[in-house]
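In the two assemblies presented below, chain A is common to both, partnered first by chain B and then by chain C.
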Partner chain A sequence: MQTDEFTGDHLDVLKELMNIAMGNATASIADLLQAFGTMHIPHLAITDMDGLKNYIDDALGSYERYYVTKQLFGGIIGGEFIFVMTDESAANLGNYLYDVSQPNDADIMDAVIELTNILSSTIISRLTEELKTKVQFFAPSTEIISGNLLIGDEETLNYHKIIIVSTVMEFQSHKISGQIFILARDETIVRLRELIDQKLEELYA
Partner chain B sequence: MTYTLDHCNVVFDSLENGTLVVDEECTVWSWNKWLEINTGIASDAIIGNNLKEFYPELDYKGFQRKIRTTLRLTTPTFYDASLSNRFITIPRNKVTTSLLKIMQLQVTISPYIPALKRVMISIHDISDLHELKITLQHRMAEIAHLNSELKQDKQIIDANLMIVKTDCGCLITDITEAFSRFFGFKKEELVGSSLSNLFVANKQESEFLQMKDLLEKKQKWSGEMQINTKNGKKVWMDAVISPYIDEKNEVISYTAIYHDITDKKRIELLSVTDPLTKLYNRQKFDEVFEEMLMRQHWTQENTFGVLIADVDHFKSVNDTYGHQIGDAVLITIADILEKTIRTSDVLARWGGEEFVVLLPDVDMKKAALVAEKYRQAIEQMNFSEVGPITASFGVTVFSYGDTQEKMIYRADVGLYRAKKNGRNRVESVQP
Partner chain C sequence: MKALKLFYCKYSRSLLPLICYNIITSIREGHNVKILVVDDSKLARLTLIKTLKEYEPSAEIYEAENGEIAVELFKSENPRVVFLDLTMPVMDGYEALKLIMEMDPCAQVVVVSADIQAQAQEQVLALGAKLMVPKPINSDKMLVVLQQLVF
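On to the complex of A and B.
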């Protein structure tokens, strides 16, 4: 498994594909939730297990309480889609989607799940569609996490080389924002590279 | 198409989970056998009707939005399965140890026939898993609470109790903040050194040997000991040293807990001390005398004696030089006797110008020799203000059946005889 062979060109293509996918996600959210937001240009990195924790710590900062939704996807390319919101943003989302000023935990979690569903399916589906492959989504789970415990030691043990795609999604008018992390490990990185190679061949054929 | 849908219904009925098909308006198009059994609603009754009629409490705004999302994105959407049930309510019949009265459901909304805006909803009963999760969360919360209490207790112990921990070889591994503060040692100054280095006591002393013996037998030791502080001050501690033993009966470590009793010891000392001479007072002497009588091992050759000394012509010292000089003479004699007695002898002021000494491990002859030594020591002392001073001595030894009164009486008889025979002499009285 030569994950190092994931070159700058591969990263550029993936970044472009992610841009398209995120545009798609923004449009879907506008359509389905009547919320008009923006997504930052995605940031891509390949790192090891230690680097993943540092990366997420840096990205999230020192906020105390997060709603974290994790959803697995499987297929030729598989990995984990993570959507992180501060409790303030999550409460605003619950308020917006459920029309209640004081949404309870269940309302908020369901709202977060709903948004994650839309984000993961649009982003990943669009990406896989571009790469001419298919994925299966598994039921997501949401939990409230304090501090920087997003990734436990036992979770990172399963990963050797990790590709991170991250971005920030914002609905400024509703004071809702969240961080998206898409994590994939060794095998997927290799397959992703092969699919991108095929894509490049198609483009330049 | 009809055949296909019928065929699908047969498949749905064979599933071990709930499956229903609804459209965007929530009209029910399929309701499988699992749902019929678990909800008590027959498929004939619900198919073709709106779900709202059967489950009006459901949040249809959110539900229809999920259906719309599923259809638009042609991808499954999900209800959050981790909290209280958000979809239809299905009663749960588990009787034993159940935390849940209704089923916890994992609900997935999948595209079914997008052209007809129909979705398939799969319902999985995850109650057992959810119960396990709730139980685990409760246990984790209890553990967190206990850990927090333990941490607080540890902080209180660290700040207030003087504790030293050692390894199995009695080398110090840790000390509490309270110990560090009281004794003036920093932790790094003590870690690695032997616990016995702190003790004032000589390592050959019986108390120390007893402690060593008990600890070697893996037993707890408790007692009083003197310890040096960093600046050399000697303090009295009530100590408990306990071994921590593993399942193989091997000592892993020792914990020594100390309690400062210096003030108590000081008061104790005052209560048994004669204020003028600083020797033991009569009360303390009586106590020690009783203890000595209780010992069972005395023989004729190895018994114990008692002597009474009385300063000769002391009344004339007081009369001639005054009581202050008289007191100074008594203090000097007490000092001489204290320096002359053997380590095991017990010296006390009996009253007035009389002193008493208990003499362990002597016979009559040896007791008289010891008394003679004391007599000479006083005789040889130069009392600058009053000139030479002498004392007379009466001595006796213990014999089977003796009491304190009998022995004191005999020593007193000896003293009377010494006075009668010219003073400054020792007279022995056989039992």
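On to the complex of A and C.
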């Protein structure tokens, strides 16, 4: 077996750890929004750059304008956390957090960044805690783009083989939802596999 | 020595001929209690079963990977305890819990979920779950759970 190969067990572990991490993040956002969030089953895929573009096209559909926040993280494992909201969801978030009916663009952007910060730090921190490792976070950036431009040239250069972990954050009562993608770089796939193997060894010991 | 007692079930409003004992004691005395573990993740099931076996090595464990299979197994095996995840494909834990409680209002269902929202807990307790425990489960949490599964 190649060192970067993932078995069904590896994927199952990663999916379950993501589920636990997402549960923590949903609870934090539920406190912020004072609403109940519906949890969704995380999806995992291992692919190349073309596969990533197809995956994101399928996941996002044909909606025109998205607020996209990207945050890099690094350490034993590294990658990129991407949170995508439609402009309608983002406006609803800005509306709720700023308690105004017509939030301006700066308010919406600020609200999206705040939400993403909570999501990324909670999810990645919990994921790495379960894998008994640590990561550093870099400053996030948000921009408004169309779905098919989500993956830029920078990502194309940085990623070859990619693990995509994706799920949905959904607060129906506030009409706020978003898609979460975590992209893991080539060397991270090997490290992740080693960390998951350690976890499985402990379990079977 | 265990005492045979008639157990009054407040939901069915009838006296049921249940043996009254707590699960830990019954295992220590050599009874194989049937326990159903429901989770779509193999890791989650393995983790739960491993911690469960620390306290109840001879328990007869049944596994289900979604709510639909869980309901069928509950119907056929009538387990004493069900450990139930919420976020699952095919049939989620909320629906499975509702069906299980309809089949047996005295069923002991312990929800083990990553969803740690207060409203999720309120919802499952309202549906009839006995307890809700946040994932991942460990030995300490399992002991607390088992100590509360007393008839």
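Throughout what follows, the second predicted complex is superposed on the first by the 195 of 205 C-alpha atoms of A that agree within 3 Å, B and C clash if a C-alpha of one lies under 4 Å from a C-alpha of the other, contacts with A are read in each partner's own complex, and residues count from 1 in each chain.
Throughout what follows, a contact is a pair of C-beta atoms (placed from the backbone, for glycine too) under 8 Å apart; a residue touches a chain by one contact, two chains touch by 3 or more.
Owing to the predicted nature of the structure, the values given are computational and were not obtained by experimental measurement.
J.: In the superposition on chain A, see if there is space for chain B and chain C together, and answer fit or clash.
T.: With chain A as the common anchor, chain B and chain C both fit in the superposed model.
J.: Which holds for A:Leu203: it touches chain B only (first), chain C only (second), both, or neither?
T.: The answer is second: A:Leu203 touches chain C but not chain B.
J.: Here's one for you: vertex at chain A, rays to chain B and chain C, all C-alpha centres; what's the angle to the nearest 10 degrees?
T.: Seen from the centre of chain A, the opening angle is 150 degrees.
J.: Based on the superposed arrangement, let me know which partner A:Gln179 touches: chain B (first), chain C (second), both, or neither?
T.: Neither partner.
J.: Output check: A:Ser166 vs chain B and chain C. Expected answer is one of first, second, both, neither. What do you get?
T.: The answer is neither, since A:Ser166 touches no partner chain.
J.: With the two structures laid over each other on chain A, which partner does A:Asn95 touch: chain B (first), chain C (second), both, or neither?
T.: A:Asn95 contacts neither chain B nor chain C.
J.: Tell me the contact category for A:Ser125 with respect to chain B and chain C: first, second, both or neither.
T.: In the superposition, A:Ser125 touches chain B alone.
J.: Would you sort A:Glu16 into first (chain B), second (chain C), both or neither based on which partner it touches?
T.: The second partner, chain C, only.
J.: Is A:Ala30 touching the first partner chain B, the second partner chain C, both, or neither of them?
T.: second
J.: Once both complexes sit on top of each other, what is the least C-alpha distance from chain B to chain C, rounded to whole angstrom?
T.: 15 Å.
J.: Under the stated contact criterion, what part of chain B meets chain A in this complex?
T.: 59, 61-62, 65-66, 68-69, 72-73, 75-84, 86, 106, 108
J.: Residue numbers of chain A touching chain C in their complex, please.
T.: Within the complex, chain A contacts chain C at residues 9, 12-13, 15-16, 19-24, 26-27, 30, 36-37, 39-41, 130, 200, 203.
J.: So in the complex, which bits of chain A are touching chain B?
T.: Per the stated touch rule, the residues are 28, 31-33, 97-99, 105-106, 109-110, 112-114, 117-118, 121-122, 125, 137, 139-143.
J.: Per the contact definition, I'd like the list of chain C residues that touch chain A in the complex.
T.: Going through chain C, the ones touching chain A are 40-44, 46-47, 50, 86-89, 113-120, 134-136.
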